[in-house]
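Below: a set of structures, written as C-alpha cells.
Next, two complexes with chain A in common: one pairs it with chain B, the other with chain C.
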Partner chain A sequence: MAKAILYDASKCTACRACYVACKQWNVLAAAEVKELGTYYNALTLDGTTWNLIDFIEKDDPDRFRWHFISHRCMHCGDPSCANVCAAGAITKDSETGFVLIDNDKCLGCKNCHYACPFWEGVPRFRDEISEAEEEWMDHGNKVPGKRVASTMYKCRGCVDRVKNGLEPACVTTCPPDALQFGDKGEMLSIANARVALLKERGETKAQVYDPKGVGGTGVIYVLLDDPEVYGLPADPKVSTADMVTKWLTGLITAGILTIVPFWMVFKAAEAEGKGGE
Partner chain B sequence: MHEGTHYWHWLLVAEMFLGGLAGACFFTGALADFFSKGKLRRVAKIGSYLVLPSVILTLVFLLLDLPPSRMFYFWHFMIFKPLSSMNQGVWILTLFTMTAGVLVPAIFLAEDKGILPFLKGQEGLRKALSVIGIIFGVGTMGYSGVVLADKAVPLWSASIFLPATWVAVSIVSGIAAIRLVLALSSKKDELAETVLSKALMMALIVAAIVIVVFLFASGDHASVLISGSYALAFWLGVVLIGIVAPIVIDFAAKNMATISSILAILGVFLYKWVILYGGQVH
Partner chain C sequence: MTNHWVDLKNSDCIVIMGGNAAENHPMSFKWITKAMEERGAKLICVDPRFTRSAAKADIYAPLRSGTDIPFIMGMINYVIENKKYHEEYIKCYTNATLLVNPEFKMPGDLNGLFSGYDSTARKYDRATWAYQTEDLPDEKAPGGIIHSPKRDMSMSDPNCVWQILKKHAARYTPEMVEKICGTPKDKFLEICEEFSKTGAPEKAGTICYAMGWTQHTVGTENIRAFAMLQLLLGNIGRPGGGVNALRGEPNVQGSTDHALLFHIIPAYLAVPKAGDTFRGYADKYTVDKATKDVLPGSISWWRNGEKYLVSLLKEWFGDAATADNGYRFDWMGKIGGGFQGGGYSHIALFEAMYAGEIKGMLCLGQNPAVGGPNSNIETAAMENLEWLVDLNLWETETNSFWKRPGCDPEAVQTEVWRLPAADSCEKDGSISNSGRWIQWRWKGCEPLGDCKTDLEITDLIMKEVKRLYAEEGGKGAEIINNIYWDYSGPNGDPDVVEVAKACNGYTWPDRNKLVKNFTKLEKDGTTACGNWLFSGTFTEDGENLMQRRIPEAEGIGNNLEWTFAWPVNRRIVYNRASCDLEGKPWNPDIPEIWWDPNKVDAQTGKPGMWTGNDVPDFAATKAPSAVGGDLPAIMLNEGVFKLYAPCSEGPLPEHYEPVESPVENIMSGQQINPATVLWHEVNPDTKIGTADEYPIIGSTYRVTEHWQTGIMTRNQPWLVDLMPEMFVEISKELAGEKNIEPGETVEVFNARGSLQAVAIVTGRVKPYNINGKTVHFAGLPWCYGYAGFCTGGACPTLNYSANQLTPHVGDANTMIPEYKAFLVDIRKVK
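Moving on to the complex of A and B:
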C-alpha cells in the first residue's frame, strides 16, 4: 500500500521543527546560514538539507497574507528523477512508494536534479561526507541510506523508520500536526475533509495538491491558495513523457531536412568530371 | 527566497559539441560518398578519420564532468535502461564508435596505408557498416539534445524541438570540420571544396530555420536568448558569427573556406553553450 506524507499549509506555524528533526535523524550537518534579516534558515535544499520551510508574502485584495510551504521531495508516482538516471540509482520502494537514491550506484552526474519538476530540482549534490556520518557508518549503521561523497541526496521518506513501524522523523516531531503520515488513501481523505472545512471558513482557494501529471505524489499538500503562489507548478508533467516525440524531431531533421539538400548537392558531384581520388 | 543551482558547465558543452561533431563528420562523409557514387570518397575518409579523435575527446570530457571520486565508476552507466536518454546515449555512442569510429576508418586505412591488408577492398562491408554508422551518427548528434529536452528546465523542454536544433547545428559543425581539414591539407580537392561549401550553406539555412521554429515554440522561455542575459551571446555569437558570417563570406569570396568553416564551428559551440547556460538562469 502506497504511503503518503500530508503537509497541511493551513496548520503549519513555520516552527521548522521538521527541518531540525530531519537533520537529526539523518545525521545531516547544519546548513551555513546568512543573516538576511528574515525568517529563513536554509535558503535552498541541498545535500544536507532535505526539507525546509519557505515563507511567501502575498498581498491579497482583502488582506496581507503570510504563507508557509515545506520544500521536500514529493515522492512522485512516476518519478522523473528515476526515469532519467542512466545508472539506475533511483528506485521506487515497492512497499512504501518512496523514491530512494542508492548512493553507491550514483555517479553524481546531476541528471536527476534537472529532471525533477519540483523546487528547482530536488536531488542535490554533496561533495563531502561529515565526520559524524563516517562515524555513524563505522558503527555499521547503514540506515537511513549509505553516504557516499560526491553523489546526490534528498529526502528518503525515512523508509528505515517507516519499515519499523514509526512515522517519518519530521512527522513525529511536528507540534501542530501539520505533517501527518499514513496510507495514501487515508491521507487524501483527511486532506479533502480539511479542504471542505477550510472552504466553509471562507478559504475559497483551499485545495489539495496531488498532481496527476506526475502520477500523483507521495507528499500531498493542503494549500490555501493556488499552487503557483507557493512556487509549485500547477500542472507538473513527468519530464520524460514526450521523450520519443522529441527524439523524432531530431531524426526528422537529419532524415528529411538535411538528407534532401545533401542528396541534391552531392549528387551533382557525380556528374562533375573526376573528383575524390 | 531560494537560490537555484547551476551544476552543468562548459565541460558538458564541450562533450555535447564533440559528440555532435563526431556524429556529423561521419554522417556527412558517408552520405557524400553514397550520393556522389564514390566521387567524394575523400570526404568520407576525412569524415571517418575525424570520428575517433572526437569521440575520445567526448569521453574525456564526459569523465571530467563527473566528480573525481566517482569518475572511475563510469561503468555504472553501462546497464541497459532504454528509457533513460543518457543511458541511450551511452549505447549509441558505443555502437557508433565501433562502426564509424573504428571499423570503417580501418577499411579506409587499409587502402591508404596498407595496414590490415585483409580489410583492403572490403567495399560491401564498408557500405553496410557505413549505413549503420550513419544511423548511429544521427543518434550521436541527437541524444545529448534529448538529454536536455527530457528535463524540467523550460528552455530545454518546453518545446519538442531542441533535439532538432541539436542535430541541425551538429551537421553544420561536421561539414565545416571536413571542409577545414581539406582546406588545410596540402592536397587540394576543388570538387570537394565546392560541394562542401554548398552543403555548408544549406546546412546553415536548415539550422537557422530549425532554431527559429524552436524559439517560437518555446514562447516566453526563449526570452533569455532573445532579449535576456544571453541575448548578446546568441545574436552576436550564434546568429552573426556562426550563421550569417559564413554564408556571407562564402557568397562573397572563394578561397575563404578556412575562415568560414572556423566561424561556423564556433557558432555551433556557442549555440550549445547559450542553451546550456541560458536554461539555468533562474
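Moving on to the complex of A and C:
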C-alpha cells in the first residue's frame, strides 16, 4: 500500500529538527548560507538539502500570522519528473510509492527539475560529491542511495529506513508530531479529521493538500490558509503541455545532451498516452 | 517545574510568557500540542515580539520587556474584581486568611516603597511585614509551643493578606496595564477572561516561563506574581497546573539540586554564613521551622533539615565528623558579604575579578566571555587572573579571551590551561530535567583522544590537591586531609555509580546498606547522604531506579515507573492541593491523588490512606479531617501557600522599571527596584546609559538552532546553516525611521559597547505605545562569539556578542543579570 508523510503546518513549530535529521541520516553536507534578514536565510533545496522550512509572515485582518511550511519532494502519485526523465532513472517504488532517482542511471539533464510543479522544481543538480561524503564512504560507511557527481538529488522518503520498519528520519525527530508517517489512507483520514477540528475552532481556511492533478501526493499537507499563501500551486498538473519549453531551457543550461534523450522522452510520453493534457 | 513535561497535556489553558517554549524547549510542544488537540486547551503567548511560540498561540499579546509585573498584577486585579478566583482553595490553602502587622504599609501609601526601607543601605527592615502571631501549645514542637499566625477565615479583617492583596492589586487597572506595558487593553482583557476560566474548580491552567522572567532586576517578583495568580485560580498542585520553569539546559535542574549556586548547599539547604555554629545553624531548621509562623498541624518538612545537614557532613568528612565536633560544620566553607557586600553571584565575582581580587578561575560547563553580562568588562576582568583552567570540548571565547578583538595577547599575562573534556554522550551519569526527573544516561562512545569526563578531571585534581596537602601541608590542611574521597569503581577509576550511591545515602560506618529514602536519614551520624533529595534513587537492594524506562499503561501521564523523580518519585509537588477539603479531586476526570478511607496502612493496620496516580505529597495517613489535614504546603512553616511572601524588595510584587528604561515609572516615584545592588556606583566602568542617548529597548534571547553560548552548535555546520550570523530583529517602523533595509548590516550600540548585526526587519516586532510615547525594540540573539567554526558574521572583530551590550545589574534576590531589558541605539553601517 502507498505510504504517505503527513506534514501538519498547524502543528509545526519550525524548530527545523527535520532539516538536521535529514542531513544526518542521508549524510549530506552543510549548505553555505548567509544571513539575509530572515529566519529562512538563503537556504534552498539543492543537491544536499532535501527538506527545509520556509517562514511566511502574513498580516491577516483579524490577526498577524507566521506560517511555516516544509519544502520537500511531494512524491506525486503521477510524478512529472519520472515522466520526463530521459534516462528512465526516476521510478516510483512499488512498495511505498516514494519517487526515487537512480543516480547510476541519471544523466543530470535537469528535465525532472523543470518538469516538477513544486518548490521551483524539487530535484536539484550536484556537480560534485563533497569531501565529507567521500571520507565517510572511504571508511566503509554506507550512504542511503548512491552518490554520483553531476546527477540529480532529492528526498528519497528514507525508503531504506521505511523498508526496515522505521519512519523517515524527519518524522522520527519531529517534537510536536507535526510530521507523521503511515499508509496514505490512514494519513488522509488523520488530515481530514484535523482539518475538521481546525475549522470547528475557527480556522475557516484550513484544508488538506493532496492535489489530484498530479495523482495525489505522497506528502500530504494540513494547511491553515490557501496553498498559494504557502507558495504551493493551487491545482498542479502533471507536467507535459509546456514540457518542451522547459526541457529546452534545461537543455541549454545543461548544454551536454543530444537528440537521443529528446526522442526517448516523446516516445515514452506517447506510449503512456500523456501527450496532450 | 512543580509539574513535569508530560503533564502539560492535562492543561486547559497554557500561558507562555517570559519564555519561548516552541523555540527553546521544542519538546514541550509535543505535550502542549496534545493538550490543544485533545482537550481543546487554549494557548496564550505574551512576549515583546511575535515568536514561533506566538505563531502557534490562540491569543498573542505584545508587552514591553520589563513590564511583566503590571501585566500579571493586572490579571490578578481582574480575577479579584470579577470574582473569578477559586474561593475555597484560597481560603483554606493560601495565607489569604493570615493577619499581618497593622503597621505594614504598601507602595500605594508610600510612593512605591513598602514600610521599613533604608535608602542608604538599599535594604528593608522586614519587622512590619511579619504576621500577627499567637502562642499555641503543640506537643511535637521543641518547647511545646508554636508561634502561630492569626487567621481570619472570613477574610474581612483589613490586615488579612486577602484585603492587603486586594488593595495592592486594585492599582493595576487595565488602563494602567495598557499605559505601562503597551499591551492593547482589549487583548489584555481577552487574555484575562480566557485564563481566569481556569479558576473553575475542575479546570487547570499552567504557565511555561523561562529566562524572560528571571533575567530582570525584578525577576523573582515576576515569577511570584504569576504564582500568586495560580493560587487565586486554584492551579497549584494540580495536574495541568503549576508554575513551570522550562529550564534551558538539560541538566540545569541537576546543577541547582547539587547547589552550583552561592546561596545554597546540596538539596537547597541554606549556605552557612560566617560566624554560624553547628547548633545555631541546625536550630534554624529543627527549632525555627517547627515553631515560627507555624499553623497547627502544619507538616513544615524543613524541620528535618538537621538530619540532611548531618548526613551531608558525614558524606563529606566521614569518620572525622562526630557529634562531639559538630560533625565538622566548622570545616565547611562559609560566606561573608562578598565583594563590596554584593554577594557571590556571577556579577559580583567578575566585579571582584575586575578589581583584581580574584587570582584564578576554574571554569567548566560555561562560557562567560559570551554568556556573561557586560562581556567587555568581564573579558577585561579575566586579564587580571594569574591563571585560568578551562574544561571544554572546544576552543571557546573564554579560554581564548586573550584573542578577542581589540586585545593585545602579549599584554595578557594570564596562564591558561585548556583541559579537553568529554561530551555528555561520552559518559555515563544522571541528568535531571525540568520536571525533576533524574534520568540515567549511558555512554554512547568513548571520549576522543585525551578527553576526560568532568568526574575524572575533578577526581584527578582532588587527589593531587590531597597529595600536596598531605606532603607539604598548608592552610586548612587538616580539612583537605580529612575530606572523604573514595568514589572508585571496581577497576580503581572514579565511578559515577559510586557518586550516585553517595547521593542516595547509606548507613554509616559500614557504608554497605543503601537507605530507602530520606525519611531514613538520621541526625546522629549513623547515615551519610550527599543530597537528600536524591535519596531513593536506588533501592535498598542497589537497583538504580534512574535507569527505569517503563511507560505507563494507564494513568494521567505521571509515568511513575519511568526513571525517578525527586522527591521520592513524586511527579506533581504539593498534590494535596489537587483535592478538596475532604480529599476528593477537584477534577475527577484527571485524578492525581485522593483520600481512601478504606485503604489499610500495612504498618499500623488502620484504615485511611492517601492514594492515587502519584506519590502523595502529604503524610500518607493524615486524614483530611485531622488537624492540619488541610494544609498542603508541606515545605512552608505556615502549611499554606503564600500569596504574601517577604522578598528583598517587598512581600508583594510591585512594578519598577528596568535599570535602563526608556520611560519613567508611572506607578510611583520609585523608578527602579529599591533593593537592587547598583554596581555602576561601585565600578564606574560598569556603565549605565540613559534614554536620551539610547532610546531603544534591547533584549537578548536564544534561537532554536543554537544552544546557549553557541559552543556546541556553532561548531556544527548543519546548525550554522540554519542560523549563520548575528542578527537584530527590528520593526518596519524603526527600519523606516533609520532608513535600514532588510538584510543590511547595522551597528547596535550603547554605553557599554557596540556590535554589528544583520537587520531582520519584520512585522513580528511592532513599536509600543507607552503612555502616548512610541518606544522601539531591538531583539538580539546572544549565541555568537569570536571562536570556533562559526563566529557569527563576516567580520569577527565587529559582531561577536550581544552581551557586550547587557548591563552589570541583577535581580535583588537571585542577582541574575538583567539581560532582558536595557537600552541601545541603532545606525546604518557605512
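To be clear about the criterion, the second predicted complex is superposed on the first by the 229 of 277 C-alpha atoms of A that agree within 3 Å, B and C clash if a C-alpha of one lies under 4 Å from a C-alpha of the other, contacts with A are read in each partner's own complex, and residues count from 1 in each chain.
Basically, a residue touches a chain if its C-beta (ideal position, glycine included) is under 8 Å from a C-beta of that chain, and two chains touch if they have at least 3 such contacts.
This one's a predicted model, so the numbers in the text were calculated from it and none came from an experiment.
Of the two partner chains placed by the overlay, only chain C lies in contact with A:A17; chain B stays clear of it. A simple residue count on chain A separates chain B from chain C, and the partner touching more is B.
Of the two partner chains, chain B is the only one touched by A:T151; chain C is not. Judged by the touch definition given at the top, the superposed model places A:L43 against both chain B and chain C. Contacts of A:V33 after superposition: chain C is touched, whereas chain B is not reached.
By the touch criterion defined above, A:D59 lies against chain C but remains apart from chain B after alignment on the C-alpha atoms of chain A.
Shared-chain residue A:R161: touches no atom of chain B or chain C. In the superposed pair of complexes, A:D177 makes contact with chain C only, with no contact to chain B.
In the three-chain superposition model, chain A touches both chain B and chain C at residues 36, 38, 43.
Against chain A, in their complex, chain B makes its touches with residues 1-5, 7-8, 27-28, 31-32, 34-43, 65-70, 73-74, 76-77, 79, 81, 83-87, 89-90, 138, 141-142, 145-147, 149-153, 156-157, 160-168, 171, 189, 191-192, 195, 198-199, 202-203, 206, 209-210, 282. Residues of chain A that touch chain C in their complex: 11, 13-17, 19-20, 23-24, 29-31, 33-39, 41, 43, 57, 59, 63-68, 175-178, 194, 197, 201. Residues 36, 38, 40, 43-45, 52, 54-55, 71, 80, 83-89, 105-111, 113-117, 119-121, 124-125, 127, 149-151, 236, 239-240, 242-243, 245-247, 249-255, 257-259, 261-263, 265-270, 272-277 of chain A are the ones that touch chain B when the two sit in their complex.
Across the complex, chain C meets chain A through its residues 22-23, 26-27, 29-30, 32-33, 37, 40, 50, 52-56, 60, 704-705, 717-727, 742-744, 758-764, 793.
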